[in-house]
Amino acid sequence: MKPSSVKLENVSKSFFTLRGKVGVLSDISLDISPGEFFVLLGPSGCGKSTLLNLISGLEKPTEGRIAIGDKIAVDIAQKIFTEPYKRDTALVFQSYALYPHMTVQENIAFPLTNLKKKISKNSINAKVMETARLLQIEGLLERKPAELSGGQRQRVAIGRAIVRQPRLFLMDEPLSNLDARLRMDMRAQLKDLQQRLQITTIYVTHDQMEAMTLGDRIAVIHNGVIQQVGKPAEVYGQPANPFVAGFIGSPPMNLIEGAIMEENGKTVLKNKNGRYIIPREAVLKINVTNKENCVMGIRPENISIGKPGEGNIDVVINVVENIGSEYLSYIFLKNSKHIIVKSAQKPTSNNVSLTFQHDNILFFNP
Amino acid sequence: MKPSSVKLENVSKSFFTLRGKVGVLSDISLDISPGEFFVLLGPSGCGKSTLLNLISGLEKPTEGRIAIGDKIAVDIAQKIFTEPYKRDTALVFQSYALYPHMTVQENIAFPLTNLKKKISKNSINAKVMETARLLQIEGLLERKPAELSGGQRQRVAIGRAIVRQPRLFLMDEPLSNLDARLRMDMRAQLKDLQQRLQITTIYVTHDQMEAMTLGDRIAVIHNGVIQQVGKPAEVYGQPANPFVAGFIGSPPMNLIEGAIMEENGKTVLKNKNGRYIIPREAVLKINVTNKENCVMGIRPENISIGKPGEGNIDVVINVVENIGSEYLSYIFLKNSKHIIVKSAQKPTSNNVSLTFQHDNILFFNP
Amino acid sequence: MKEKTVKRVLMTLGAGLLTFFTLLPFIWMLLVSLSSRPDFLFSGTAQFSINNYINVLNNSSLHFLDYVKNSFIISSITAIVVTCLSSCAAYAVSRMRFPGRIIIPLFVLTMSMFPPISIVGYLYRFFSDTGMLNTPIALILPYIALTVPLSLWINMSYFSQIPLELDKAGLIDGAGRITILRKIILPLALPGIFSSFLLVFIACFNEFLFALMLTIDYNAQTLPVGIALFEGLHGEIPWGDLMAASAIASIPLVVLSLIFQKYIIQGLTAGAIKG
Amino acid sequence: GQKNNLSFIVGGTAKTFAFWEKTIKDFKEETGIDVRMIRSATQTEMRKQQIFIALRGRKADPDVMVMDIAWIGQLSASGWLESLNNYDIDTSAFFSNIVNLADTYNNQIIGLPLFIDAGLLYYRKDLLEKYGYPDPPKTWGRLSEMALHIQKEERRNNPDFWGFVWQGAQYEGLVCNALEFFGSAGGGFFSNDNIPIVDSDENIQALQFMANCINKEKISPPNTYTDMKEEEARFIFHNGNALFQRNWPYAGNRHNEEGSPVKGLFGITVLPHFPEGKSVSTLGGWHVGISRHSDRKKDAAAFVKYITSHEVQKDMAVELGLNPGRVDVYESEELKSGFFGALKEVFLAAVPRPTVPYYAQISLVLQKYLNDAIAGNQSPGKALKKAQGEIKEIIKTYEK
Amino acid sequence: MKSKQIFQQYESREVLTAYLFLIPALFVIIAFVLIPVLGTFWGSLFRDVTYLPRKFIGIQNFLYVVGNADFWRALRFTLLFTVTAVILETFFGMLFALLLNETFKGRGFLRTIILIPWAIPTIVSAKVWKLIFDYTYGMLNFFVVNLGFSGGKINWLGSSFAAFWSLITAEVWKTTPFVVIILLAGLQAIPQDLYQQAKVDGAGLFKRFRTITIKLIQPVLIIALIFRTIDSLRIFDLVYVLTGGGPGGSTKPLSMLGFEMYTNDLFGKGSAVSIITFCIVFLITIVYLKTGKFRERFS
């Protein structure tokens, strides 16, 4: 089957509850190419799941139109709406929604029994077995969902989606309840599957690593509005605004608000906490509309720790955390914010100066 | 209230299903000190949630005894069993288990309405508000769970647990559905709360970072058996066995099986894929029982990439992934395994040699 | 064909069938209640008026309103008590572990299988000995015993649809079993609870044999018995009065069914658990 | 229960209850004795259940009860009825045939007829006149002739017209009807020395006649053996759709009501007979007795006396249209002429159903086979032979 | 091991609480059903005729009942009636419950009127039906005559075949709402996200009905079936009023046989019929529970 493109035009969605209207998505336009692996990122409650529901047809947008392939799935203006089961998408629900009365085997086989072109029992069994093996749950086929652990349930939910070859995969945090190693395995399997079958995939995740390694492109959503769409490296390297900058990366980029001014021949960013000397090379990149009120961004790994006086600003490290191979140093600031520095070695002293790697400094309008 | 210790002695648990007995935990003994933040790690389905259920009293062990503080919570031999609601623990369910007919406000307030010492409505409201603010859901108090996003639901579940001050916090992947930034916030809040109130906490997570930064100690479980208990740095740095070594760390430690032998005056590890020269300094650390069949472990970040011929083994890099600030290089091996190398820079060529940092090489019995 | 179209066609057919099916005899009943003779279709000479209604309500020796009142009191009390008893029992059976959790519901079910005629003699003696004959109690107690099985089993099946995790959450949150039942299970099983309430209520409202045998006069007799007394010695039936009485008697049930609608709510457990 | 007043169990419609309430009030005024009325259901079987449950339980309530004539045998055989002989009651004013045949057990009077019934033939005077029949039929044969003729004529304008309606549904009433047919052929259920003679030739002939009315001559409607009870038959006659009707006296009252289509158009007479027999009418009606378990027998007797007094019986006749058990009431001014007067003769010749204690079971057997025979499912001879056999079985069980 | 396992399963406090929850209900049932029933059973072992001495006769009453052709006829009718009625009630009940579970204009009205048949006391509704089926002036025959079907009126209660179906009609009309109410509440409890998932999984209307609705409603459905069956097997009021067991006893159910025996002073035999009726109901219920996987579902 040819992979399908997905096209959203000016899609908006509000829920009408007893307490009034809750606007969730506003004016979303996206153009996802056939065979693309498209990742949705955004803070909790920003509308990612809702967006997937709109595409799958489980919810109806309040405005706008959605096309899957060359078929219009929904167009509010033209009053077109295609039922979910005709859209031929596979959706992994964030909440799994396993069929409690069916065994794992039956859960996974279910989509296969609904195909227009009937397939034989044997080949269903074979497919289910293959899928289960891929997800490492082949020993659990006889169980009912209630007898599974959280991660096992999640894998069954994935299994139900990938067992057939839909035009579109929609996955809502499919790996959130898996341990790191399994998640890595699964990630590789999904990527492999997706590339092999060339199925357009829209994927919601909170995991940095997943977003970066899986996605052909990433869209960052905030409060129901798209903030940036781009290749992983782009979004990471050239975030469009402080929100994206602060959201992508773990630990996130340090965002320092202040006013840019000249002082003693040096360009500095000044705020209540002190003055940050901006490296000369970076000064050229300042492209903010209002220098009095702008944001400077620098990632924790792009800051190096040196002896006091040597760097761009002198600070006191408050807390150091060991995160396995690296150390995170926290510098608490007055307005209950903090700067984080990531370093391979543990800082030897608490009184240090920070040096910002100039080519990684970014400036934003707030 | 004084924090409680938690003591498990030879606890085993099997489920009796229609298809027979399923052994889940075997002979677990743990001794958790009062006020400790104790993290449980382990692959999906290893029995972490079950262990929490045993401690909270939702399930009954098949064997063994559990003491919380100086009270025996359950002792199979003595036929003692304390009902869950008398154990005064708070549990964040992996599946949330929100009360669907109650608003967020009511959900969070529920534990407070059950306290022996009745508290006033006002102070309940105040506490709920405070908790909600901490979890950034203060705007959702009037909603019912069905009207929340996955992450919002998860936060309500956390809220219900932390709103009161129990003797023991049990948290089952409480942050799995939150985005990276929120997760970091929450992590800090939880740690802060725990330290402020000194409440003994047992915490299940799949997130490396969480485990390392939050835990006073970590227990790694595999197939219902405890593999290692120790401080985060210990577990990371001196894993007790290949399983722990491979499980902790993301990407995980490279584990290379083979036979150690002398060749050309050098100590090498040899297997089908080739020979790995073991740095001289590391040779001293070899403490395996059988040199013919052992495992060498080295973390991806402890391998440096050099020009062919310079390092311990020459290899060809197959895939390079950008994970934000760093690069992962994959070297595929014959038995469908791979070696991963993490580096700050992108390797310039595919033909490289790898150098193992000698003080980070570990040797295990398989 | 489109799913929507199929659905709409099916629904229209169903609605038509339902209306026809339920209303035809009922409308016939109303017509008879308004006419002066039951054979009006053939004779064509009947007059239509509300005389029968006036007659039923005004005739003091009929005691019609007493019967309605008794029925209402007896059915309400029974239904409330049964709902309480059987929800407790159903909770225990469906969510707690104890020896007998299989056998007790079976026993209770078994107890509903006896032809009532075979136990009415005993009950008569019992209530007569205890001086309770011809009091509402004499009907309420056996009605409770007769309807608990139905209510228990219905509640059991509704309770078992509620995720067990919610009880667990309740236990963890420090709630005792009663609190869990009251604050978590009951609200969630409300459609089920209410439908069993309704079924019990109506069963008591309609019961005839016990009501006949265990009561003596309008101080305790219920509507079906009262209506049965309309009939003459040789089987003369004042059709108009009888139907008017039945029509009036169905008013409380219509009210009840309006309340019923309020409690039939979709998807109460949505959002509870993940999985 | 609260056992301070006398309890009196009676069934009926609101009108009946109103009458008894008034009577009870009068009685209280006269004697100071409180009487509590237990309202029992109308259906005979239900009433019987109610009374029997109490009596089996040896309950002091009810003290005074109104009993169907068909139960008296069983009640008295069970020893549940107080002999009235000790209470100084004068029975001479009642129909002596009834008191002797139905209310006497082991030479003790155990009940008194409160109101009585007997089968009658109703006929359409106007129609007989119209088709030139001066008198109602004396024999069944004549009845069927007349019915056939007039039905055929009347059907021209009225397709719903029937010649003869009677009670053939499977219930006690069928046995009453059958007793009349059988008796008027010289047969019956029991011989004088209480031997069952159900399958006698006379009975077979009579039953054949009954079946023929429905299936052969078709002068009786096809639902005779399914639906036809008193009211069903009355309705047809009432609406002017039948020439002859076998029914109890109550029907006459209804036919005479204001607005009745047959008011003034019908007459009553004794039932016809077969050539070799004489007219027989089944005795029905309700009797009053005192429970053996009563704890206030004296007061009970006073009450029984009161309600069987001339005055009350007359009121009952006037207000409820029931036929008093006292002969003297029929002589009174209010009743002498008119409908009641004509009934007296019938009652004097009425025969009760067998008074054996197990009558109810025999009745069941009879109902089943009689109904089957008139439905045409079995030949009368076969049906009655089987009935006879089963009845003998029953007797064998109970004569031990 | 065995005793240990039993302890394993049960928690003494929980057991205590559970019994506390059960005792009130059990108490009432034991006092007002079990004891009378045991009395009935005891009574069935006696010759219990009011005017003859009471005599212990063992199982003779049972032998009498079982040896009686009427009993077998009543049994046959009762079973046939039950099977037919329950099948039809389930069918219509399911149909209407599904319908009333949808949202559409007029649903409130339909939900109200569906209760009417169930709400009218049986003794009344039976009379209404009797009036409808009445040969002489019934509504059905009015239509038959005036709409010109066949020739002439039909004797709806006349043949055993017609009487059977007349009874069935009245019974189904009367009790379908019972099934509807139970099923409707059951339908409400099915999580909607399963339907959503199934839609995404490509299941159409009927497939969803078959694989989700039916399966998840099954426990409730079984219970509706059980209680309908129990009640149908004991049918009395309706038959008593509508056909009185006729024509020729062809529509006489077991309960009526028992009732006749009681009213005709055969208490021992009446009790025997009651006990036998009970046994039949019990056996059938067990079959239901077995097929309904009761154990699995509630444990």
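Labels A, B, C, D and E are assigned to the chains in the order they are written; within every chain, residues are numbered from 1.
Methods note: a contact is a pair of C-beta atoms (placed from the backbone, for glycine too) under 8 Å apart; a residue touches a chain by one contact, two chains touch by 3 or more.
All of these numbers come straight from a predicted model, not from anything done at the bench.
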Quiz prompt | Partner chains shared by chain A and chain C (touch criterion as defined above) | solution = B, E
Self-check item: By count of C-beta pairs in contact, the leading pair of chains
Solution: C-E
Quiz prompt | Computed distance of Cα centres, chain B from chain A, in Å | solution = 22
Practice problem: Can you check how far apart chain B and chain D are, centre to centre, with Cα atoms defining each centre and the answer in Å? | Solution: 92
Exercise. Report, in whole Å, the distance between the mean C-alpha point of chain C and the mean C-alpha point of chain D.
Key: 39
Quiz item: What positions in chain C touch 2 or more of the other chains?
Solution: 3, 39, 42-43, 121, 228, 237, 267-270, 273-275
Exercise. For chain B, write out the residues touching at least two other chains, lowest number first.
Key: 83, 94-95, 147-148, 150
Quiz item: What are the residues of chain D that contact at least two other chains?
Solution: 49, 56, 160, 235
Self-check item: Interchain contacts (touch definition) - all pairs
Solution: A-B, A-C, A-E, B-C, B-E, C-D, C-E, D-E
Exercise. Would you mind writing out the residues of chain B in touch with chain E in their complex?
Key: 18, 60, 62, 76, 79, 81, 83
Quiz item: So in the complex, which bits of chain E are touching chain D?
Solution: 49-52, 70, 134-137, 155, 157-158, 163, 243-249, 259-260, 262-267
Self-check item: Interfacial residue positions of chain C with respect to chain B in the complex
Solution: 163, 165-166, 168-176, 179, 183-184, 187-188, 267-275
Quiz item: Quick one: in the complex, what on chain E touches chain B?
Solution: 7-8, 11-14, 296
Quiz item: Quick one: in the complex, what on chain A touches chain B?
Solution: 15, 17, 19, 22, 41-45, 47-50, 94-95, 142-143, 147-152, 154-155, 172-173, 176-184, 206-209, 212-213, 232-233, 236, 246-252, 299, 301-302, 321-326, 328, 342, 344
